[in-house]
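Chain lettering (A, B, C and D) follows the sequence in which the chains are written, and residue indices restart at 1 in each chain.
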Amino acid sequence: MSYTLQDHQYGKAETRLVRIYRDAPRHEIRDVNVTTALRGSFEDAYLTGDQSKVLPTDSQKNTAYAFAKEHGLGSIEDFGLTLARHFVDDVEPVSGARIEIEEFSWRRAVVDGAEHDHTWLRTGPEIRTAAITVEGEGDARREHVIGGVKDLVLLKSTGSEFAGFLKDGYTTLPETHDRVMATSVVAKWRFATVDVDWEDTYTRITAALVKEFATLQSLALQQTLWHMGTAALDAVPELAEIRLVAPNKHHFVVDLSPFGSENPNEVFFAADRPYGLIEATIVRDGAPDAGSAWRASAGLA
Amino acid sequence: MSYTLQDHQYGKAETRLVRIYRDAPRHEIRDVNVTTALRGSFEDAYLTGDQSKVLPTDSQKNTAYAFAKEHGLGSIEDFGLTLARHFVDDVEPVSGARIEIEEFSWRRAVVDGAEHDHTWLRTGPEIRTAAITVEGEGDARREHVIGGVKDLVLLKSTGSEFAGFLKDGYTTLPETHDRVMATSVVAKWRFATVDVDWEDTYTRITAALVKEFATLQSLALQQTLWHMGTAALDAVPELAEIRLVAPNKHHFVVDLSPFGSENPNEVFFAADRPYGLIEATIVRDGAPDAGSAWRASAGLA
Amino acid sequence: MSYTLQDHQYGKAETRLVRIYRDAPRHEIRDVNVTTALRGSFEDAYLTGDQSKVLPTDSQKNTAYAFAKEHGLGSIEDFGLTLARHFVDDVEPVSGARIEIEEFSWRRAVVDGAEHDHTWLRTGPEIRTAAITVEGEGDARREHVIGGVKDLVLLKSTGSEFAGFLKDGYTTLPETHDRVMATSVVAKWRFATVDVDWEDTYTRITAALVKEFATLQSLALQQTLWHMGTAALDAVPELAEIRLVAPNKHHFVVDLSPFGSENPNEVFFAADRPYGLIEATIVRDGAPDAGSAWRASAGLA
Amino acid sequence: MSYTLQDHQYGKAETRLVRIYRDAPRHEIRDVNVTTALRGSFEDAYLTGDQSKVLPTDSQKNTAYAFAKEHGLGSIEDFGLTLARHFVDDVEPVSGARIEIEEFSWRRAVVDGAEHDHTWLRTGPEIRTAAITVEGEGDARREHVIGGVKDLVLLKSTGSEFAGFLKDGYTTLPETHDRVMATSVVAKWRFATVDVDWEDTYTRITAALVKEFATLQSLALQQTLWHMGTAALDAVPELAEIRLVAPNKHHFVVDLSPFGSENPNEVFFAADRPYGLIEATIVRDGAPDAGSAWRASAGLA
């Protein structure tokens, strides 16, 4: 019997890095979680244990820290591109690099009505994400940037229905024309180019997602996702594609009739599990091919 | 050999309850996690298995839901008092009730510059907490309210020192006069009365905590906690006491010298574990006795 | 501008299901977490909000519970196949189903040296997993079964080296010929057929993974993964492929020299983050094509 | 207005420490999480910021690591006593020390039927715990040891009832004489002495807890806890007291009647929240006073 090592990659996950800018009295902060993965001709490391082509994951961690000083840490999409290009261009056995970054948000402390220069409060729960893939050299160079947001928790207390669905022998769900809809959106959007104002587009995309969730009369979470996604594509022409995964965080109307009360959508049990899970991939017609943009992992994703 | 059942209590933990107010087009939302615990003469339930004095935890859950409709859910301190008084007054074997509530914050979605009527985003990570204890009847009635906040994550990028400390044979830490200080505050404050504007005091206490963290030149997290606590007591005369627990979330300056860079407090490794843990209890002189206010549990806290 | 809905799926995630067999005095238990996802012509649900082809996720949950009674719950691979075939065959708009199941392990309580008939203790942390995909009808029918284990936490206190690696300007890691190696393996293996003794193969695969981790002199985690994977393929001819993801859970030797002690690999700091992350996909030569076996999600994996 | 600093303590939490014994080919492993807290005359650190009496938490961490080498790491109760005595005896401003330790279990890998010398698998989920308090000098010296276990997850599929309970206007729960009972026990036991075989007592206590859970016909979780606790006190005369906290991890019988199936306690929904929470403190008559044994925290527990 013989076997083949197919996809493989290795890297350093979750390097926690905080970058303070303190050149002026009003400091700035960037708080990120950096994961780097390298691809290339590393077969010998697996098959024979020869590590001569393997840049240690510890060096990748060091590189993230050093680059935050040498190159600065502004938009995470830019920082990811800088790191990825370095690994591909400067580390000989590396033919491709995948950089994934989470950014945690801080808001300035407000003291006596004024924003403080060097004190912040963590805010969220939503987390900005980026996934950068760089591969190839010269004409074969390909660069992909995926931006995103996760843990964007939204709830609307009306304006949501679910009716007219298929019924089979296991269906007991009643139809409803007024329910709470809540979700925790994970959205990832692929840019058609790397020449982008990352901060501005992030703001416009998330605003479009929220606005559509709020204003659309929802007939199902599926329909809501389609409209959220197309609204984001409408708002930012640089986007080629958006992918959305959204749990239906069920809020069940509690039956208060045994206690003599009506409950016209006022008191809810917020359930943990199970939950619906709805997914959609929406692509702009004519968008450039995704190539390896979505390839996160060597195997299990 | 013989044994005695000493402290005991039982209840329903983590009833997840969302209350929507929808009488006007502009809805309101309250999102809470309610834990109820009953104390009283429940020895038979333990010793002989006789449950005749035991109100099921399921009924406690039902009561929380029913009361959110019947009595409404405004400030969590009020809701806790209402529930606790009910259990003590209306359920015969119950001599004391402990209600703990967490409240999750939502901010209104902003659509085209205007706050939306019925759509919200979860915000945080800080969570408002309350712990209410009611016990006794008639003249023996005692009511305690503890308000609080947890997961209040704060960071300042300068204005923090740690020097002049005790050194023993296991001390290798260098002194510093400029470091990042970050923490995730858990604060609980005991009110001297139950006649309080709970919303207003919460705002003033948390503002005082944040202001003091921001503006005090910190010589240690211990000193910071003392000043945060006394600032809260200064701000709200109804407070009898405040207790603070704060991890020192270490941000270590990364040594970039091997890579030819200086690092004047610009690039940090945000560590997970271990972390310093600092605690303080600060009591207003002359404050009424705490009684059972702080007794959370029958045993293990 | 126009957009296309590409991949999409929806389902019910994390239906927590416990099945007790109590026909004999010696009961049996199966404790699982079931996630179902349906694929098919659901475009209208997204684009127009027409739900007439959408079987509610609530019905999918009901089906899981009902099938645990009607068809029984033995091996999770079998249960997943039964559910998936049902959705594809019996629910008209469904052309493909993906079922993912986690199984939690229980060991019988031992009382006075004997296994108890109806009491168990949870055991782990390792969790058995399965991912079943069924699609198409008639000759186009394809059925894929992926078994797996996650959270299989392994540690060896010697027999692990890391040396001879590539060094760049960001490399400070010293070489070592004796270190602790610890990991938390996620392994997923694809079967070439659905005619398998699922229980026996699970036992043999995990035994092979553990044995190889233990006995191989490791030159790197990459090499260890290759050998673990090929050992599993050796042990179970029905396997077409195995994919492994393994964090390098770093155990750093603590420098005790400031305190006058040597530390010859005896006292370690077990770090949380960052960690190395090594991935490998190993395919048996001549194995049948994976088709959609690995497609977990419509988008984000 | 004036305020008083009452209880206060500080320390280092969650020092993750792995100790390997490798003097013989068959290695041994101890994997612990150490939290140290110091009490004493630290008021100046809080009130004026003077740190001259404060041994840094970093030094406490170093001490834990150094002691694991210098003194070895056997039973966690012993290790905690050694650390606590050191802080009180050797660090002048320290008048009391509280050491809390969690121990994670590993089982040896079995390779071809034999236990491996230097490879282990993590096992659990139960975690052994210890909390040691040492305070005072000379005749005033007091030493308290609390052992424990947490995350001990138990389930019995019959032999559990809940009936004859109190009913009020919010009670809808039906009575049952046969249900699944599942819990995740947290138990802490106080020793009357520090002259104890810690390994042997741990084994006997946990065996007694499990046996009683399994064999008692349960009329309520309250009754089960009482019997578990007294069984532990019976089994180990050195115990003065035991405290138990146990969630009632509800397993609800799924109504399969809409699908034409009966469900005689065979198919269950394992719920996450809410859950019952039952607590009991059981003290051996004539046991020595607990003193500060249970004081975990300066405030919030």
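In this section, a contact is a pair of C-beta atoms (placed from the backbone, for glycine too) under 8 Å apart; a residue touches a chain by one contact, two chains touch by 3 or more.
Chain labels with UniProt names: A, B, C, D = Uricase.
Just so it is clear, the model here is predicted, and its values are computed rather than measured.
S.K.: Going only through chains that touch each other, how many steps at minimum separate chain B from chain D?
M.R.: 1
S.K.: Based on the averaged CA atom positions, which chain is farthest from chain C?
M.R.: Result for the farthest chain: B.
S.K.: Would you kindly tell me how far, in whole Å, the mean C-alpha position of chain D lies from that of chain C?
M.R.: The answer is 31 Å.
S.K.: In whole angstrom, what separates the CA-based centres of chain A and chain D?
M.R.: From the centre of chain A to the centre of chain D is 38 Å.
S.K.: Which residues does chain B have that touch at least 2 chains other than itself?
M.R.: Within chain B, the residues that touch at least two other chains are 16, 62, 66, 170, 172, 258-259, 272-273.
S.K.: Quick one: in the complex, what on chain D touches chain A?
M.R.: 169-170, 172, 258-259, 272-273
S.K.: In their shared complex, at which residues does chain B touch chain A?
M.R.: Answer in residue numbers: 16-22, 27, 29, 31, 62, 65-66, 68-70, 106, 109-112, 116, 118-126, 152-159, 180, 210-211, 213-215, 251, 254, 256, 258-259, 261, 263-272.
S.K.: Could you please specify the touching residues of chain D with respect to chain B in the complex?
M.R.: Residue positions touching the partner: 1-16, 35, 37, 42, 45-63, 66, 90-91, 93, 162-168, 170-173, 186, 188, 218-220, 222-223, 225-226, 229-230, 233-234, 243-245, 247-248, 273-285, 294, 296-301.
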